[in-house]
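Two complexes come next, and they have one chain in common, chain A, joined by chain B in the first and chain C in the second.
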Partner chain A sequence: MISSSLFSTLAMLFNLSLRNIVRYRRRNFFLFAAIAVAVGGTTLSNALIRGWQVDMLETAVAGLTGHIKLQAPGFADDPSLQNAFSSLTPIALGEEVPILGFAQRINIPAVISSERETRGVALVGVDPANEGISLYSDFVIEGEDLSGPADGRLLIGKALAETLQTRVGRRVVVIMEGADGKSRERGYRIAGVFDAPMKISEELLVFTGLQAMQAALSSAELSRPITELSLVLQAEEDRVVAQRELAAQHPQLVVKDWREMQPQVAEIVDLVDATMAIWFFLIMSALTFGLVNTLIATVMQRTRELGMLRALGMNQRLVLIQVVMECVGIMVVGVIAGLLLGVAMVFGLGDGIDLSAFSESVEAFGMSTLLKPVLTLEDLLLFGGLSVLVGFFASFFPARRALKISPLMAMNR
Partner chain B sequence: MTESEQTKSTAKPVVACQGVQRIYQQDTVPVYALRGADLTINPGEFVSLAGPSGSGKSTLLNVIGGLDGFDAGSVVVGGVDLGGLNAAELAEMRLRNVGFVFQAYNLIPVLTARENVEFILQLQGTPNQERRERADTALQRLGLGDLGDRRPGELSGGQQQRVAIARAIVTEPVLLLADEPTANLDSKTTEELLGLLRDLNQQQGMTIVTATHDPIVMSYTSRQVAMLDGEIHQDSASAV
Partner chain C sequence: MTRQTLHMSLVWQAVICVVRRLMLLNLALLTLPCSIQASEKLDVVALVAGSIDQTRGLSSFAEMSMLIKRPSWQRKSTLKAWTRGREDALIRFVAPARDAGNALLKQGERMWTYTPKLNKSIRLPGGMMSQSWAGSDFSYNDMSRSDKWLRDYTLEHVGTDRDLGFAVYVVDAIPREDAAVVWGKEQLRIREDLVLLELTYFDQDMQPVRRMESLAVGELSGRVMATRMRMQDVDKPDQYTELEYLDMDFDVDVPDRMFTLFSLQSGRSR
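What follows is the complex of A and B.
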């Protein structure tokens, strides 16, 4: 427990520090400005980096992956209907793990041919009503959307339609493997052509109704097969718990999360945290050198005053506390101003930065073409807290210098 | 011998210096600032240490005040032997036993006159209410009752030095040390200030030691000690 005397002494030192900050207001203004610009700039750049990370994560989850996907064992090595499971598989997660939705699909490789070209694609049988959780809901469709799971027409990407030199209403031929392991060749009419945020989706994905696909490909052993059940949670933080619960409920299936299915994206997402830490370290290192230099100059300017305090009987511990308080005070004001500046700049960016001029490059990173900065309270508090902590440790350099001042030498200056 | 003189001679001395040497190294050459100074100051004395520049008067004052060390001899202040005390212990000794008045006032510029006086009481851990009352009393005693809220920059040199004296006496130290306290003041203000110091000495029995080369200051003190080349050259107390 802090005694009232110590508390009173600390209050006095705080008061003294505050007045000293005001006393050198012109010099401190420039110091505040330097800290504020550094912290503000880093806040903005971190918000953009965090936005990139969130965008990559959302893009990964909003693909056909979801947060968690259930598949039959062996599907990863042999993605065919022979490694399917029943669409009657129940999904039951506790209330502590709220889900946004789930979608059952057949997702198998196929070959699609028009009169002019042939391409390898992923043929995906879906129930459009359940695809609100995936990129399907973001498609801009020319022609018609699939009317339901029984719709036996196709929805193909704009890029694929251009490659195949076909269009809405035309017929194409699809070759795929049935549940019995035999190849099937079927003719499909194109209901619509979709425009997706990422070009690779337009080139690789072809959609049709799930029930229509089941009817065409199922066998007597498994009448309503699916190859994947994709699940999107309300919060990424629940992913591990949900995966554990589902794995316990369905030991006969493989339960993977998006990090296992998209390890490259997972690594980049992790790398972003490291990038932010390195960026913070670099900025703070540069700032610390400037800060220490200025604070030492401040102490040296007041050698006589600090020496006089010691001559009067102020012990070294209190001198140290006073100098540290002053330095931390400067840092706190600068950091708060910097965070406000950073937040203002983030809001100034509005809807984000349009990167469509570099669309191919950003898609290669698994990003969408609109980079939105993301500010989180955790980031602000962590960054602000770390900055003040840096200021605290930086203040020990001038404080140590202050302790070396001999009262007698100081008085004789 | 009067009763007062008898009391002084039997009371424990406030300052007892014996054979004090202080040697500074100037490059490789030793410079003797004090060459075995002996000085005893009894309670209630008002002593001036006089002498030309380099005579050792300020050095002796700093050694007595615990601001400077010494290389040989012994120094006892208020019953505390300063030999062997570390920096923290010396700071504590200064805080509890000694009041300082400096030539350049050395007030804390961002604090008001009252806060400057309270500052040292704060360091001693005096409670708020008592601190305030004692600071106001000290300021009033020095004729600064209505200037407590002013900062040093808003006060004249004489007023600042009076605040410095108030700060030095507010803790009721056993010894008040003043190093050239009037050097920056005009003659009228000097006389006023010396009058105040004499009142403190005569009315409250405060022991005061001042280093000076000003004859006016010496004329106000009850004992004049002349120093030369780091030694006590002449002492009016011995002469009597």
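What follows is the complex of A and C.
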């Protein structure tokens, strides 16, 4: 009985709020528009920032790092084949940690020279079949791909090919350090030239077959050495468990996750969440002032009306609820319109923003030249909910003003 | 016999005489690889090996001047070099004062540089071997591997010219597939008396990139050899490096300690 009377009271208040909103069409339209544009803009910018974050994470993981990487203990200080381990190292993770794949590589510094130029690069011995997990699979290759792990030819980046003034089918000389610590010099033929999304990988990475490289460089002690084993999981969240298990299985190796391998990327990825919150806070606080201002004006305008309602027996609590309802109502409608606007803008961007005009500065941040916005339901709900919450707190000032209105004061107007 | 035919036979005899003397001269000049011209098939390996050894001997001492010419400046320095066999060499600048003491030691494939200002000798990493030596147009590689043509290349005799009365053999040196050589080919022009007249480096489009020419040929310490050489990039005609032998001694008694790191750093130039 009580609940039904409470419900009918609330329904009445809701009705009253709705009518009040509809009554000042023009003013409230502009208010809606302001909220919608602010929320829509925030949604879009957050989708872009989120897209950047996802892109950086993917780039970091795909760029030969993987989610988890195993290396010999001394390799970080002395990246050479003297700090290698056996390619027979087993990877055994339970059912609960599904993996996408892993790749064994030799990744050592080398010097590559053509007739005209000499450059320092990272020479990476790979088995192309296992590189589906890394950026290797995204390469657009001119010429031929490496045919397999025994292919003793090179795959070099387009930018490097331009610097060296060489091309597919040409020979280059590579100088590297063998497992015995002595430098080896060899002529290599270029099988293909790859085009990577990031110029830095085109400049720095040179690929060749893993077995061919092992044959050229290995020593008697370790017949098939690798310097790294990189692992990509199906879910990034499993990384901690997987890292712990692998570290327990291979105490003689260093097991690192991508956050340790690329700490600056990890920092930026973390920073992105804070950036989004700050961005949201700035826009919303600006909006709140507008909202408060409008609502106070509305309340002041309705001094006589509210005074009359009080005189008719509407108590302070109901006045409070009515003003809050009105405020939250405006906010809810504005936010919904804003979210729709934002989603529409994100879809309008479609394939993303092409940043290749700024490619150098963009790549310095470890992101690719195509910025794809990423919308997540959590973000939408979080920002929608937070906006309504902001509206709720913003109604404090107009509500306080409304509470001060008494029938006597209204009569004196 | 008419006058006419007598005259002809006299001319003919004179020609034969000249040819004989030339052949005798050849025999005298070609010591070890004297079989070079024996058949119409030229023994290219012997020719190139002979040419390499022509400027060496068991050991040698040389005094050279080096002129580095650039569009806006040039620099002339003097240096001394000792060699032993095909493997070991020590080169030290003696003038001008600014460069004096800078030295380069080669032991087989390994090389060290020494700079008195730093008082430190540095082992050259493999990656630096293709860079310029002492600011010249010569690279460390040019200084280090003289017998590379015999090891890493297939040699082919592609033609014969004549120059000042000498036959000049043009030899293409094509690098083997996995040889650590960036060039498409190297072309050597070797005079029949084993003087290397010209060496051209071709890129893999077979366009000439660098060229070393012998500007003067003379006799030093009993051997006929190129006494002045110029190395330059083909597309930069106004910059080059010239190396001139001022004095040369073959088969001198060079102590073993000459080719050590200690000797490199001690800075003494005999």
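In the analysis below, the second predicted complex is superposed on the first by the 401 of 413 C-alpha atoms of A that agree within 3 Å, B and C clash if a C-alpha of one lies under 4 Å from a C-alpha of the other, contacts with A are read in each partner's own complex, and residues count from 1 in each chain.
Quick note on the criterion: a contact is a pair of C-beta atoms (placed from the backbone, for glycine too) under 8 Å apart; a residue touches a chain by one contact, two chains touch by 3 or more.
Every value quoted in this text rests on a predicted model; they were computed, and no experiment measured them.
> Could you classify chain B and chain C on chain A, in the superposed arrangement, as clash or fit?
In the arrangement built by aligning on chain A, the partners chain C and chain B fit side by side.
> Which touches a greater number of chain A residues, chain B or chain C?
Of chain B and chain C, the partner in contact with more residues of chain A is B.
> Should A:Leu312 be classified as contacting the first partner (chain B), the second (chain C), both, or neither?
A:Leu312 sits against chain B, while chain C stays out of touch.
> Should A:Arg25 be classified as contacting the first partner (chain B), the second (chain C), both, or neither?
neither
> Would you sort A:Gly187 into first (chain B), second (chain C), both or neither based on which partner it touches?
Second partner only.
> Looking at A:Arg116, would you say it contacts chain B, chain C, both, or neither? Reply first, second, both or neither.
Second partner only, chain C.
> Nearest 10 degrees is fine: what angle do the Cα centroids of chain B and chain C make about that of chain A?
Roughly 160 degrees separate the directions to chain B and chain C.
> In whole Å, how close do chain B and chain C get at the C-alpha level once superposed?
The answer is 87 Å, the least C-alpha separation in the overlay.
> Return the residues of chain A at which the contacts from chain B and from chain C coincide.
Of chain A, no residue contacts chain B in one complex and chain C in the other.
> For chain A, which residues count as touching chain C in their complex?
So the residues of chain A touching chain C come out as 111, 113-116, 118, 120, 166, 170-173, 175, 183, 185-189.
> Touching chain A in the complex: which residues of chain C?
Going through chain C, the ones touching chain A are 125-127, 129-131, 175-184, 201, 203-204, 209.
> Can you tell me which positions in chain B touch chain A when the two form their complex?
Its residues touching chain A are 62, 65, 67-68, 87-88, 91-96, 100, 102, 106, 108-111, 119-120, 122-123, 125, 127-128, 167.
> Please give the residue numbers of chain A that touch chain B in the complex, ascending.
Residue positions touching the partner: 4-5, 8-9, 12, 16, 19-20, 22-23, 304-305, 308-316, 318, 407-408, 411.
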